[in-house]
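See the structures that follow.
Okay, so subunit A shows up in both of these, paired with subunit B first and subunit C after.
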Partner chain A sequence: MSEQKLQSQTVQTTGHAWDGDLQEYNNPLPTWWVYTFYVTVAFAIVYWTIYPSWPVGKGWIGGASDVTYVNSAGETKTHSWNTRALLVESLNEAAAAQKPYFDKVSSMSYEQIAKDPEMNGFIISAGKSLFADNCAACHQSGGQGVVGFFPNLADDDWLYGGSFDKIHETLVGGRRGFMPAFSEVLSGEQIDQLAHYVASLSGVGHDASKAATGNILFHNDTAACFYCHAVDAKGRKDVGAPNLTDNIWLWAKVPAAQGDAGKVAAIREVIGSGLNKGVMPAWAGRLSTEQIKVLTVYVHELGGGQ
Partner chain B sequence: MQTGLEDQLGLYQTRIPIFTRSVKGRFRRFKTSVLVLAYAVYFCLPWIPWSRLDAPAQAVLFDLPGRQFLIFGLTVYPQNIIWLALFLIIAAILLFFVTGLVGRAFCGYFCFQTVWTDFFIWIERAIQGERPTRVRLFRQPWDREKVIKVGSTHALWVLVSFWTGLSFVAYVTYAPQLVLDFFTGRAADAAYITTGFLTLTTYVAAGLMREQVCTYICPYGRFQSVMYQPETLAVHYDAKRGESTHGRAVVRVGRGIVTERRRAPADTAVAVERRQTTMTTGARALAERHEQGLGDCIDCGLCVQVCPAGIDIRDGLQYKCISCGLCIDACNTIMDSFGFPRGLIRYDSESNLAAATQAPPRLHWRGLKTLGYGVALILMSGFLVYSISSQDSFDRAVSQIRQPLYVVLSNNDIRNRYQVRITNKDKHTQTYSISAPDFSADALDLGGFSKISIKPGHSGLVQVSVRLPPALAAKTERFDLVITPQGKPAEARSESVHFDSPSRRP
Partner chain C sequence: MNFNFKHEWIETNIGLMAVLTMLAISVGGLVEIAPLFFIDKTIEKVEGVRPYTPLEQRGRDMYTREGCYTCHSQMIRPFRDEKLRYGHYSLAAESQYDHPFQWGSKRTGPDLARVGGKYSNEWHVQHLVAPRSMVPESVMPNYPWLLSTPLDISDTAARMKALRKVGVPYSLTQAEYDANVVKFGETVARQLHIPDAQKNLIEQANFGNYDGDRSGISEMDALIAYLQVLGTMVDFSKYTDDAFVKYR
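Right, the complex of A and B next:
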């Protein structure tokens, strides 16, 4: 069949003849292909003139199109087309789109923001990304914290208070938690007794006689725990001393400890070595006033706000 | 068997121009009415006003920036994407169903390529005249007449193409404003690009490429062939009747009738015989032809001249045939004029044509495949109508906040939080309240507000906290969150959500 095919074809030759009889068939490209090729050539030339194309020396031919944008210093710049300028431009656009909301945030009180469903939607989405960028490294993405390191922002217990103003104060000025190491002033036995007393406050299994002695130690000047943790052991928010009577644990890794002895040991560890690691940086100056306000409401709405 | 091979030898064959002759008849009338209806709908629909409270007053508007399709009284949001999917599936099944019954009816009568080509050919004929005139014009050198006629034809094509493109854009933006903006240079870039692109493609596809689109580009025509059954009605030439034993024969009017035998079915050699007859038309002439063993086909070639695909239907069913029925009209006209019975070319099935005794052509819809498609079509259309007519006035998505899954509070209560997104699909602003009937009212905390008011087409976000005492939390694995539009308790919808607590954590 292929022979028939060849015979039936009348293909022209290019006209050259080598060695007397060696000829070449002339099979031109299909017309549509050739024209498409010409169109792509024309397209390329147009493209070169519009967009940056050829390197010249240390620079390049910028092309006819350019991007005008406002840089971080507030100057209006025009540059030949490039994606970095486009990014700045679209970041500016996005910031401009958010601006009405941020303006609203700064003009409204916390209570007003929390009660306005539309603003609440904005806080949930804008606050989420702010929180993820700045806070989640320590407090985790849901604000649940890490026992032994970073406080849980989603529960209903606060070291320094959970009102809008207190959260704002914490964000602006940062916090520094401190508890002295009692191993320097108390004996191991006394620390053990105190630990049993603290365990008893939260309903953790304990030795009642040791706890009774611990109670005395807690409330007299030997250990003087009541200075910070208050006489009823419910803590003092003005100094960031935690409530010891609830079920929330920040420093002592009680929830993870196995058995009552383990839990008491976790408390003993904290009393003995004290704490000098509860540091939260100040965010004033790093974040704008509006951003801090958004974060304040966001943290408040994580569930624990008072 | 090997038809088409000769085409392959000439892969880069230039297009042989087709000059279709106009014809009158049933199928031409049907095609014309489809064309008029389709054009009326396509070009006028964007201009029908429809008053709306908070959206442009256009009856059909695919509002892409607003993320809504406005179709008369119906507003379709992205959440209703299932309707679009269903609609497209129904359209596909309808195509399968119809193709199984009556062949490529879509190609021949409804496809926009066919409709636009038909209209472009109509323009061509209106300016350049009937087929012989057009052929003459094609062959004549580029003189004044040819330049004017061909030029104005192309100009009109471009105009129609342009309006086609602009009308398309009018579906996605407010039409009166678009036309105003378009001609004053203020319309969006996308409008110019889309209109320009569609102008070009319409002009090229309907004006220049025509049947080549169906032959070389379109996949639908090809895969419809797969759906043909032996019982499928399609445009067929009745070869038994047309060729008889000695083939077709031309009738020459003027010298009585001269029948010229062209080709014997055996196709050995083309012998030419001339016979004088006295009969010209009617039953006796037919009887005379049959006596001589001649078929009913008088080989006038009109069926070829009217064909927009440029094929000869007498060569049998072929992939280039778009089944437009114009050759049926042409043949019937000729048969009528000779007093021969109609239907030498007709809608018939392969099985019936091959049968020893032919029955009148009829629809064979009792096949399992056809019935299956029909049932699927009815079920899906019914579901679509039901789904649209009974749609909820709002959409909701409840997702549990999983970071953290639960929070243990200072008194050992367990709290789970949920993010509830409500989308108002109603035409009016609506206020929604959220409740959890499984628990006491104080277990649920919606934050600063207890109700949320949402504008039509918009979404609202609510954070819901559920706080349960440890004993209850341990028992609760799922509970219902009920979202109620204010004043419409019947439209309340509940979502079953998960409740996590440390006691059930693995």
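Right, the complex of A and C next:
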């Protein structure tokens, strides 16, 4: 009570009274608060003069700070501070740092890059991050692929060819897999016979007599599998037809199938319904020429380059 | 100057207090939003951006219905790391027909602003049905019902009419159609014509066969059609690397 009395002598009240004697002190703001407030105001004014701030008519005040950069057309330009200009500048800086390597990538042949230990280090680190960002979603982080969907890049079995040039071609233009649905032209029995024959090629358990009939269907015009898979059933890389004799499976889910009958059924499924998938996107528009070359060598080095 | 301010003036005048309170709390919005309607460089002048086709638009409805935006942004910022991972930074022009836009700021999953064309349709089907079959470390939920649920196309035209009301140039009349032919070319203009919405949707779904199943049009067809067009409308190879600097 005595304290309140003391305060009421030194601090003004707002002047009005409620309920007869209820009054309100009019305390000033703490000094530190007031000065902090003034500092923030001063900071804002300084900030406005340096960086883009107030809208004026159809534009805005650009501020005193600017960014000078060289664009892709080689022109040196200065623009009031903004993040887009900063990006051009920072990409240029990064490109300059990578230039010695990318210049080498451009000028060297694939074979030279693969043999040069220093370049190999660059390919492994740059290729790894490019692969992780762009390829791993389908081909998985180690390039092992997914049976039934995306080919393994770490083995030596290639659909379209595993040479540098072929890998490059695949990356640039993309691919599209296709196999007709043979249920439309063959009987269920014939498809079964073909499945047994294909199983026999890879040493999967099969019925020998069915496989013998399948062999005939495969090589005559009834099924004409040899058009794409070749007479020796080792495939044709120009049309992306896989080798059927190596016990490596992409479309038919043979590895996961239970028992010989299950494995043959997995093959029968592919022959019957065909394939209209195996789409690889084209990367020419998304990645630079040098990036594609790095990836070409990286994929080639993953295990099975030819 | 003998100006003796008293907050009693405000505190004892409820009308004045209401007006001043309104002013104080709307300042932030007014100074940040209002100028964008007057600044003529807000939306970049760029070729190729068009409204979504009926199928893509229905796919976008699936995208919002399933809450994809809670984990995926569609806004590539102008930073080096984003450019390297996702591609060219997003332009305001690219989401000018989005209502509401899907920019977002929460990335539990990757940004999707330029996911169009990056993966095959088949990958999308598998990935949406069972994400971990494609990306083992993924935490994305499974969306198997997209593949098994037929797309409801009965209200396609009504949905486009609603978007037309908020400014998307879908055409109802011949005059609007002709204007679209001039603005977007005939192929696109046909897709934007509301009276043909259902026919166009069915045609695109059958031609594209996005879900790999020709027996009908599923919600998956629509969603993949939408995902595959994201970020693909502008051909950035036509522009220098600083073409959009002047807009900011």
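Everything below uses one rule, namely that the second predicted complex is superposed on the first by the 211 of 306 C-alpha atoms of A that agree within 3 Å, B and C clash if a C-alpha of one lies under 4 Å from a C-alpha of the other, contacts with A are read in each partner's own complex, and residues count from 1 in each chain.
What we mean here is this: contacts are C-beta pairs under 8 Å (C-beta built on N, C-alpha and C of every residue); 3 or more make two chains touch, one makes a residue touch a chain.
Please read these numbers as outputs of a predicted model, since none were measured by experiment.
Of the two partner chains placed by the overlay, neither subunit B nor subunit C lies in contact with A:Glu189.
In the superposed model, A:Asp103 makes contact with neither subunit B nor subunit C. A count of residues in subunit A touched by subunit B and by subunit C gives the higher number to C. Once the two complexes are overlaid on the shared chain, A:Lys58 sits against subunit C while remaining clear of subunit B. Of the two partner chains, neither subunit B nor subunit C is touched by A:Asp232. When both complexes are overlaid on chain A, the residue A:His79 reaches subunit C alone and has no touch with subunit B. With both structures placed on the common chain, the touch criterion links A:Val146 to subunit C but leaves subunit B unconnected. In the superposition on chain A, A:Asp165 makes contact with neither subunit B nor subunit C.
When the two complexes are laid over each other on chain A, subunit A has residues 140 in contact with both subunit B and subunit C. Listing the residues of subunit B that touch subunit A in their complex gives 9, 11-12, 14, 401-404, 407-412, 415, 417, 419, 447-449, 452-454, 460-463, 465.
Subunit A meets subunit C in the complex at residues 14-16, 52, 55, 57-60, 69, 71-73, 77, 79, 82-88, 90-91, 94, 133-134, 137-138, 140, 146, 149-150, 276-281, 285-286.
Here subunit C touches subunit A in the complex through residues 6-8, 35, 38-41, 77-80, 83-85, 87, 89, 117-123, 126-127, 133-136, 212, 237, 240-242, 244-248, going by the rule given at the top.
Here subunit A touches subunit B in the complex through residues 5, 8-9, 30-31, 111, 114-118, 120-121, 124-125, 140-142, 144, 152, 154-157, 243, 246-248, 255, 301, 303, going by the rule given at the top.
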